[in-house]
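This structure is in C-alpha cells; I'll ask about it shortly.
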Amino acid sequence: MIAFDNVDFGYGDQPILAGVSLTLEPGGFYFLTGPSGAGKTTFLNLVTLATLPKAGRATFFGIDPAGEDRDGIATLRQRMGMVHQNCQFLDHLTLRENIALPLEVSGRRRPEHDGDISDLLAWVALDHRADAHPPELSGGERQRAALARAVILSPEILVADEPTGNIDREMGEKVLGLMVELNRLGRTILVATHDLDLIRTAKRDVSARVMRINDRRIELAGAEL
Amino acid sequence: MKALASALSLLRGDPKADAVVPPSGATGHLTALATAALAFLTVFALAASLAADRAAARWSGALQGQSTLEVPITAEGREAQAARAERILSQTPGITRAEQLDAEQTRALLSPWIGDPSVLEAIDLPLIFALREAPDFDPAGLTQRLRGELPEAIYHRHEAWSGRIARTAGQVQWLAFTFVAICFGVTAVVVTLAARAALAMHARVIETLRVIGARDTYVARAFVRRFTLRGLTGALIGTALGLAVLAALSNGPELSALSPHGFGEWVLFAIIPLLSAILSFAATRRAAFHVLTRLA
Amino acid sequence: MKALASALSLLRGDPKADAVVPPSGATGHLTALATAALAFLTVFALAASLAADRAAARWSGALQGQSTLEVPITAEGREAQAARAERILSQTPGITRAEQLDAEQTRALLSPWIGDPSVLEAIDLPLIFALREAPDFDPAGLTQRLRGELPEAIYHRHEAWSGRIARTAGQVQWLAFTFVAICFGVTAVVVTLAARAALAMHARVIETLRVIGARDTYVARAFVRRFTLRGLTGALIGTALGLAVLAALSNGPELSALSPHGFGEWVLFAIIPLLSAILSFAATRRAAFHVLTRLA
Amino acid sequence: MIAFDNVDFGYGDQPILAGVSLTLEPGGFYFLTGPSGAGKTTFLNLVTLATLPKAGRATFFGIDPAGEDRDGIATLRQRMGMVHQNCQFLDHLTLRENIALPLEVSGRRRPEHDGDISDLLAWVALDHRADAHPPELSGGERQRAALARAVILSPEILVADEPTGNIDREMGEKVLGLMVELNRLGRTILVATHDLDLIRTAKRDVSARVMRINDRRIELAGAEL
C-alpha cells in the first residue's frame, strides 16, 4: 500500500533517516518507536506526504508522488488520516464542523453524514463537547478530536503521532481500542509512540509489528516487547 | 482563457468554502474604507485628467492657425472701416478665410472679459474678424500693413497664449494621470497588505486545510473571493461618492469644468471599481499562492 | 506630558527588544512604498491647496472694488480723449481713485491677451485708467454717462469675473484640503493594516512574550518603533520626491503657480512626514495594545 | 507562597473548579492528576495568573493580583516558570536565544549569563541543538527546551503541564530528575500529569504530595499511589 525503497531523508545536510526500505501492507498494524529526536515524526511526515524523500523511491497506493502536481498530492492525502503530535483545528468552527471538514474539503459532504459525525463524536467520548470551539478543549480532548477527524473519510491508512501523549492510561487504552477496531475493519494503522506499555497492551489484541528507529535506520523490533 | 476560467471559478461563490476563512472583522472594514478613499481620489484625478485633456484639445487644436482682428469703431464709421479691413485681409497672402462676426457673436466673444452685460449694450461694438491662416502665413507683414492703412485695428494672434494654455493643460493632464496610476498602485498595495494580514492571521487554517487534503484552489478561493468583493465594494462606494461630488460641482459655475462631458466620459469612471476589483483579485491570489506553495 | 514621555520611550531604540519581533520582509517594504506614494500625492494636494489659497486671496482681496476704463484712440486724439475721460471720472461719485497707466504698464496689461509683442509696438496703445471704487459706487450711472460723453470707452468691471475666479479658487482649495485629509487618512489605514498584519503574523510571539513575563510596553515598543520609522521613512521619501517634482515644475512657466512661495510654505511640507510618523505611531500603538489587552 | 481560598472557576457558565482552598508551600513538590478534561490545565492557568478566579481569593507571594495592573502581573509572572502542554517559542530566534528570552524580557540579561545558558542546555541534553530554530525541534526536544526556559530566571515556583507527554520513559525520568534537583534547591514544583508511573518514581526521591481533581474539587490523594 505504501512502499519505501532505499529512502534517505534529512534536514539541510543533517541526515535523519537513511536507507529506509519497507512496505506498509493493507490491514497491517504498525508501531514506530525510538528515543526523542530519533526521527519518528519525520518518518510519519514522509508517509503522509508532508515531506518528500531526498533520495530513494516511495510509492503511495501504487502512485509515485514525483509524477503528481500539488492537487494530485492533495488527492492522495484524502486517502490517509493523520493525527498529529500537535493537533491543529480551525478555531472559528465548532468541533462538529471541524470533524466534518475533510468531507467539505474533498467535496463529499452530504446531509446524511450528520448521523455519522454524531456517532464519531460519541466514539471518542466527545459528544457533550460537539458545539465547543477547539480552543475550549483540553489537551486530551484535542487528541481525541483529531482522531475523529482523521477517520471521517474512511482512510485506507491511519497515521497517529503520539496519540496518547496527553491522555491518561484509561483513555489511552480506549483510544487504542478504537484503532484496533479500525484495523479489524481492514484499515492500515501506523502509530508512533514512546509508550511501550501501549504497545504491549495492543499486542494482546492484534498482531502488531513494531519498528524501531536506531541510528537512522528503521529496524523491526524482536519479541522482547 | 484558462486564467479567465480559473478567475471565474475562484469568484464563483461557495458558502461552505467561504466559511472556512474566519470572519476578518475590522481588517475587512479598513480595507474597504481605504479602497473607497482611494477610489474617491482617483475619481478626481481622472476627472482632472479628462478636463485637462479637453482644455488642451480646445486650446491647441482649435486655435491652431487662428487669429482675430479687432477694429474699434472710430469717427470714420463702421461701414467704411469694415470695407477697408476686408480689402486689406483679402489682399494679404496666407489668410485663407476672414469672417466678420455679427453682433451676437461679438458680444459672446467679449463678454467673458467684460462681465457686466449692460456695458456691452452701451458701447459701440468693435468690428471683429475671425481669421484662418495658412501654415506659411507671415504675421509681421500683416502688422506692417495694418499700421499704415488701419492703425486703430488690434491684431490678436491666439497661438502664443493658446499654446501656453495647451501646454499647461497637457502637463496637468500628465500629472493627473500619474495620480490615477499612483492611486491604483496604492490600492493594490493596500489590498495586498490586507490579504497578507488575513493570510498571516490564518496561517494555521491554511496549513490545517492542506494537511487534511484540501486543494490549493479550495483554500485560495475563499480569500480571493472575499478580498475581490471587498475591493470592488469599496471602490464602488468611493467612485459613487466622487461622482456625486463631481455632479454637484457641475451645477455650480465654478468647477463645472472638472465634471465629465458626455456619456462616454461618465462611463469611463466604471474603470475605477473594475480595475480595483481586478487588482484586488490579482493581489490576493498572488499572496495566497505565495503562502500555499511554501507548504507541502 | 506622560503620553509624550511614553511616546519618546517607545521610540528610543533597544536592539534587543527589536530583535524580538521577527523581520517583516516584503510587508515592510510595501508599507513604506504605500506611505511614500501617499506622501507624494499629499504634496500635490497641499501645493494645490496653497496655490488655490493664494489665487483666492489675489483675486478676491486685490480686485475688490477695482475696475478699468479702456479708451481706444480715435481721430479726436489722445490728449483730448484723456482730458474728457479724466473729467468724467473725477465727477463720478464713488470713484475714489483714477490713475492713468503709462505706456509700459499698458503694454504689460495687454500683452497676455495679445501675445505677439510686435503687435503692441505697432498699434496706438489705448488709454487705460485703473479705477478704485467705493463700496456704494453705482456702475450703471458711469456707464450711462460714458455712453453719452465718451462712447468709444470700454468699461471693464473686474468684480464679476474676479469674484468668480476667487470662488473657484476657494472651492479648489477646499477640495485639495479634503484630498490632503484623505491622504493622511489612507496613510493611517495602511499603517494600521500593516501593523495588524505584523501583529497577526506574530500573535504567538506576543502571547509567548506575555507568558514569560514581558510587560505590555516591552512587547509594543518593537512593533511601534518599527512602523513609526517605516511611516516616517516612506513619507520622507515621498515628500522629497513630490517637492523635487514641484521644484522642477516651478522652473517651467506652465505649472509654476503650483510650487510653494517663500520659505514658510516650503517648510509647511515638513508636516507631511511628521504627521505620517505620528499617525503611524498612533495606529501601531493602538493595534498593539488592542492585541495585548485581549491576552491575560 | 501561593494560596487559594475558596476559589471557583469556570468557562462561561460551565463550572470547572469549585471551592478550591489550598496552599502551595515554599519547597513543596506537588503533583496534580485527574482524567482528561478534569481541569488540570485550568488550575495551572490560575496558578500562573493566565486566568483569574471567578470567586474566592488567591494570593501570590503574598500579593493579591486584583490590586495589580498588567505590569504588576507581568512582574509576578517573572517569579514563576511555566512549561506548557503546548510549548510556544519565537520561531525566528535560535534555541539559545529563546532560552535567554526571559532574561531579556525582565531586563536582567548580562554577558556572564552565557555560561549559565550553555549549562542549562546541557542539563536538558540539548547542547547540540543550541543554534537550531524551534520549528526544527522534535516534540520531546521542545518540551525539554521549555523546561530550560522556565528555570532560567531561577523562579520561586516551577509549574509544568504534562512535561513528559511527548518523551520516552528514560528521558521522562531524566526530566523528573531535573525537577527533583530544583526542588532540593528549595524551589516549589507543581506538575500536572496523568502518568502515575512518573508519580511513583518521584515518590522514591522526594516527599511529593499528590492532588487529584475529582468532580470539580481538588483533593489530596491518599497513600494508594
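Every chain is named by a letter (A, B, C and D) in the order it is written, and numbering of its residues begins at 1.
One rule holds in what follows: a residue touches a chain if its C-beta (ideal position, glycine included) is under 8 Å from a C-beta of that chain, and two chains touch if they have at least 3 such contacts.
Everything quoted here is computed from the prediction, not taken from an experiment.
Considering every other chain in turn, none proves to be in contact with both subunit A and subunit B. On a Cα centroid basis, the chain most remote from subunit A in this structure is C. Averaged C-alpha coordinates give centres for subunit A and subunit D that are 29 Å from one another. With centres taken as mean Cα positions, subunit D sits 62 Å from subunit C. In whole angstrom, the spacing between the mean C-alpha positions of subunit A and subunit C is 66. Shown for subunit C are the residues that touch two or more other chains, of which there are none.
Residues of subunit A in contact with at least two other chains: none. Judged by the touch criterion defined above, the protein chains form a single closed ring in which each chain touches exactly two others. Of all possible chain pairs, those that touch are A-B, A-D, B-C, C-D.
Interface residues of subunit C facing subunit D in the complex, by the touch rule stated above, are 16-17, 19-20, 22-23, 204-205, 207-218, 292-293, 296. Of all residues in subunit B, those touching subunit C in their complex are 26-27, 30-31, 33-34, 37-38, 40-41, 44, 72-76, 112-116, 118-119, 122-124, 126, 139-140, 143-144, 146-147, 151-161, 164, 167-168, 171-172, 175, 179, 182-183, 185-186, 189-190, 192-194, 196-197, 200-201, 203, 249, 252-255. Taken together, the subunit D residues at the contact with subunit A in this complex read 11, 33, 35-37, 40-41, 85-86, 136-141, 144, 161-162, 165-171, 194, 196. Remark: subunit D residues 48-52, 70-71, 73-75, 77-78, 80, 82, 84, 88-93, 97, 101-102, 104-106, 109, 149, 153 touch subunit C in the complex.
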